[in-house]
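The following pair of complexes shares a single chain, chain A, combined with chain B in the former and chain C in the latter.
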Partner chain A sequence: MKTLLGGNDAFFQGALRAGANYFAGYPISPTTEILTLAAERAEEQQDFHFLQAEDEIAAAIAVVSASLAGAKAFTATSGPGFSLMQEAISWGYRVEAPTVFFESQRVGPSTGAPTFPAQEDILQAMHGAHGTYYPLAFYPNSPAECYTLAVTAFNAAEEAMQPVIFLCDGYVSHLYEPVDLEALEIPPAVPRSRPPLGTGKRHFTGIAADEEGIPRTGNPQVQEAWVRKVKKRNEEVAKRYPLYEYKERDSDTLLISYGSTSRVVAPLQERFSHFRPIRIFPVLKEELRKACEGYEHIVVLEANDGQYAMLVEHAIGREVEKIPLLGGKISLSRIKEPLKEVLGVELEDVL
Partner chain B sequence: MKKIVISGEGGQGIRFIAHALAVALIQLGYHVSLLYDYDSAIRTQKSLAYLTYDEKPIGSPMVEVADIMLMLSKKEDKVCARKIVCESGLCTDEQVPFSELGAEKFGGAIFGNTIALGHLLKMIGVDIGKLDMEKTFPKKLFEENIKAVRFGYEFEHLESRE
Partner chain C sequence: MYYKDLIKMQRYPHSWCPGCGIGSVLKNTAKVLAGMNLDHTNTIAVSGIGCSGRMAGYLNMDAVHSLHGRALTSAEAIKTVRPQHNVVVLSGDGDLFSIGGNHFLHTARRDPDITVVCNNNEIYGLTAGQYSPTTPKGTYTTTSPKGCKYEPIDIHGILRTMPRYFYARSTVWHVLHMQKCIQEAIQWKGFAFVDVVSDCIEINGRHIGYKKASEMFAMYKEKYKIVRDVEVLGPHDLGVVKKE
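Showing the complex of A and B:
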């Protein structure tokens, strides 16, 4: 049966479907609905645990710690909270903790313009924390996809044994559509990859250490071997999820957009080809190269000043046109003029 | 495809109206997309709900030119609409004293938003007799809300003001 479901609600339901049983967080719009749902769930179900921490730093540390203790753990935040979480995320990469960080973007920097949508934390999702690590990030554009992709994110976290960033934005978080959860095709949940507390030898440290958890800071080979191991694992897992949408039209123009921007430009997709990355990291290099072949114009539309466009340019080895949608309003009327300028065509009929 | 914008400010029940309307349209078999766009300062800041419904799946949830706009405050002036229904004094199209009617008929200005919802349902041609009211409206103040919706639905016969 179809019910009206919002992006945040759908992500939370998907997390439960994936087997998540621990949430720690600190309220922040546009994700507070998830924290509220988690608190209600913990009240109803004894096997679901909830912590409202004193801030996002503590919440992120609790999430990584709960993962090490055997829970499927996650949090939900927005830009300012995501910044505070970066050190714990770095620790999560180091101790190989499968975790999911839901990040619904709003206009920044700093407090910015809550709770209006943005896509300004793309590069932060790639390398917001310090050190060498390999990100995995997904970005849905509908409540239904928030649900299915949540399961994918938790599965990928278990398989890659690392934090996975679930990117979102204010519009997708607060977009409500009828969804029949039972009718959606969902991958089976991957079981916990880490043995629970009380089994085997356990020593977790943020210091560069060998497989036994013994610090080996003076041994570059140990660190290098660790980097090679986690890189290989990340690449293998990423290959299982080459998620994107490509709509080909009889056009010399390819538009690239993702998240809520890809929904807003839907009327343009009848006229121009369109590529929507769903797996944001690792960047879909091969898929982008193939999709971009033969187009005179490649235009990246995003609610930031060219963050993903820069990655596309790097992937395909040529410059692209950029249309930034800044300030918290993602609309076709704001795209019309700059797109007209880039392509030299009238767009009245699509508005 | 029909596009509706409900415009007001935090605390006026914009989300209540939009949610109930979306649930009603889903019951009638429509594809619906409902997007909330609001300032997180919440109370007294702008709050918008963009609602699109169609017999086909919906692409963009953003509404820039609405078929109908219900305007309960004047925080947002960037949406164009073919027809505007507003709280008295806010527009020159159809003005209805929703808050006044809510206070007068149901003992609270806040019921003005439920009257507005009934009026909106009538305007888009929904037969409220076909709706499962328990699925459409929250349990809190259920009876009062149903009465206010019916009042708004039949309002044009009483004292519509153009």
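Showing the complex of A and C:
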């Protein structure tokens, strides 16, 4: 049966489907609905835990700590809160804590335009925190995908033993569509594997330590071995999720967009080929290289000034054309001018 | 159970300076845990960052060395997920009251059933001697070369504004008293705070007129007095104040 479901709502339902049982967060647009849903859930269900923390620093620390304690833990925020969470995310990488950070983007920097969507935190999701680590991030473009990808995100976090960033934006968060949850194909939830806190004599520390948790700061080999280990695991897990959408048309132009932008430019996909990355990190290098082959024009449309475009250029080794949609209005009318400039075509002719 | 069974002896020699009060806090915490039959099967240790923040990692149980200032938040989340376990936080004054000050306020307000043992050496030891929120006014530190300009924070006073509280103060010289305070704190249902006045001989003591740790211990003996059955502790009173 179809029900009307918003992106935030769908993500939350997906998290439950994945077995999530601990949420800590702090109110912020456009994710506050998730905080509210988690609070309600905790009232109904004794084994679901909720904390409205005093700030996002506390929320992120609580999420990583709850994961060590054995929970499937997650939070939801947007750019400003995500910035406050970065130190804990870095800690989460070091103590290998499977966790999911939902980040729905809005216009920044700073408070920006809080109720308007953006895609300006792509690079923050990649390396917003300090130190060497290997990000995993997914980005849906519909409520249905918010649901299925939530399960994927929790599974990937568990398999890679690391924080996973679930990217979203204000449009997708608040986009309501009829969804038949029963009809969706959902991967089975991967259970927690590491024994919870209180069952051993381990030491979970952010310090460069050996596998016993004994600090070895004077020994670069120990840290290097750890980096190699987590890098390998991250690559292996990423390989299981080569998620993207590629629509080939008889055209010399390939458009690349993701999240809400890919929904807005959907009418252009009849005329031009289109590539939509769903796994944002690690960058889909091979897949992009293959998809980009043979096109005269490669155009990245995104609600930021070329953050993903830069990564595409790096992956395929050539320059791409960029159409940035800034200020919080992601619409076809705004593509009209740049489309003429970049491809020499009138929007009306391709619709 | 012998208290040494609760300490990761394989990690010795430890990283603290000779004469540092942290050893006394760790040892006496371990003694209390051993006396109460608390070990890795029923207890989890949590620390923040600092010389004091290294304590949890020396206890022979699952230990979480969280981030600077975040030990209380970490401990509260762990207690939520593992409610049957005792959760004990061991950390320093800079960690708990400065960078962690907001968490201190809110964790105390939410009143989770955790125990906090603060090694209060009135200085940032690990980062080599800057003033902390508990540094007494007028004290020389590397960031207050002419004496600290500010009054120290009143933790006892802050906790006493809560409808329910447990605050104990002891020193590293009054070890039996410290043990009693820690034991009572663990037994307390709710947020229990043990403030242990302690020395950082290397980075603080030597610069304010003490040649050896024993001289600081003698000062604690002289200056601090144990009081019983009081509602409020004076600045140099040692004891427990609590309200159900």
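Everything below uses one rule, namely that the second predicted complex is superposed on the first by the 348 of 351 C-alpha atoms of A that agree within 3 Å, B and C clash if a C-alpha of one lies under 4 Å from a C-alpha of the other, contacts with A are read in each partner's own complex, and residues count from 1 in each chain.
Note that in this section contacts are C-beta pairs under 8 Å (C-beta built on N, C-alpha and C of every residue); 3 or more make two chains touch, one makes a residue touch a chain.
Owing to the predicted nature of the structure, the values given are computational and were not obtained by experimental measurement.
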item: Fit-or-clash call for chain B and chain C when the two complexes are aligned on chain A; value: fit
item: From chain A, separation angle of chain B and chain C (C-alpha centres, steps of 10 degrees); value: 110
item: First, second, both or neither for A:70, with chain B first and chain C second; value: second
item: Partner chain(s) touched by A:206 [first = chain B, second = chain C, both, neither]; value: second
item: Partner touching more residues of chain A, whether chain B or chain C; value: C
item: Partner chain(s) touched by A:299 [first = chain B, second = chain C, both, neither]; value: neither
item: Partner chain(s) touched by A:5 [first = chain B, second = chain C, both, neither]; value: neither
item: Chain C versus chain B - closest C-alpha approach in the superposed model, Å; value: 27
item: Complex interface listing, chain A residues touching chain C; value: 22, 24, 49, 51, 53-55, 57-58, 61-66, 68-71, 73, 87-88, 91, 95, 196-207, 213-215
item: Interfacial residue positions of chain B with respect to chain A in the complex; value: 19, 22-23, 26, 31-40, 58-62, 64-65
item: Residues of chain A touching chain B in the complex; value: 2-4, 29-30, 113-116, 170-171, 174-178, 263-267, 269, 330-333, 351
item: Residues of chain C touching chain A in the complex; value: 8, 11, 15, 40-44, 49, 56-57, 60-67, 70, 73-78, 80-82, 85, 102-103, 105-106
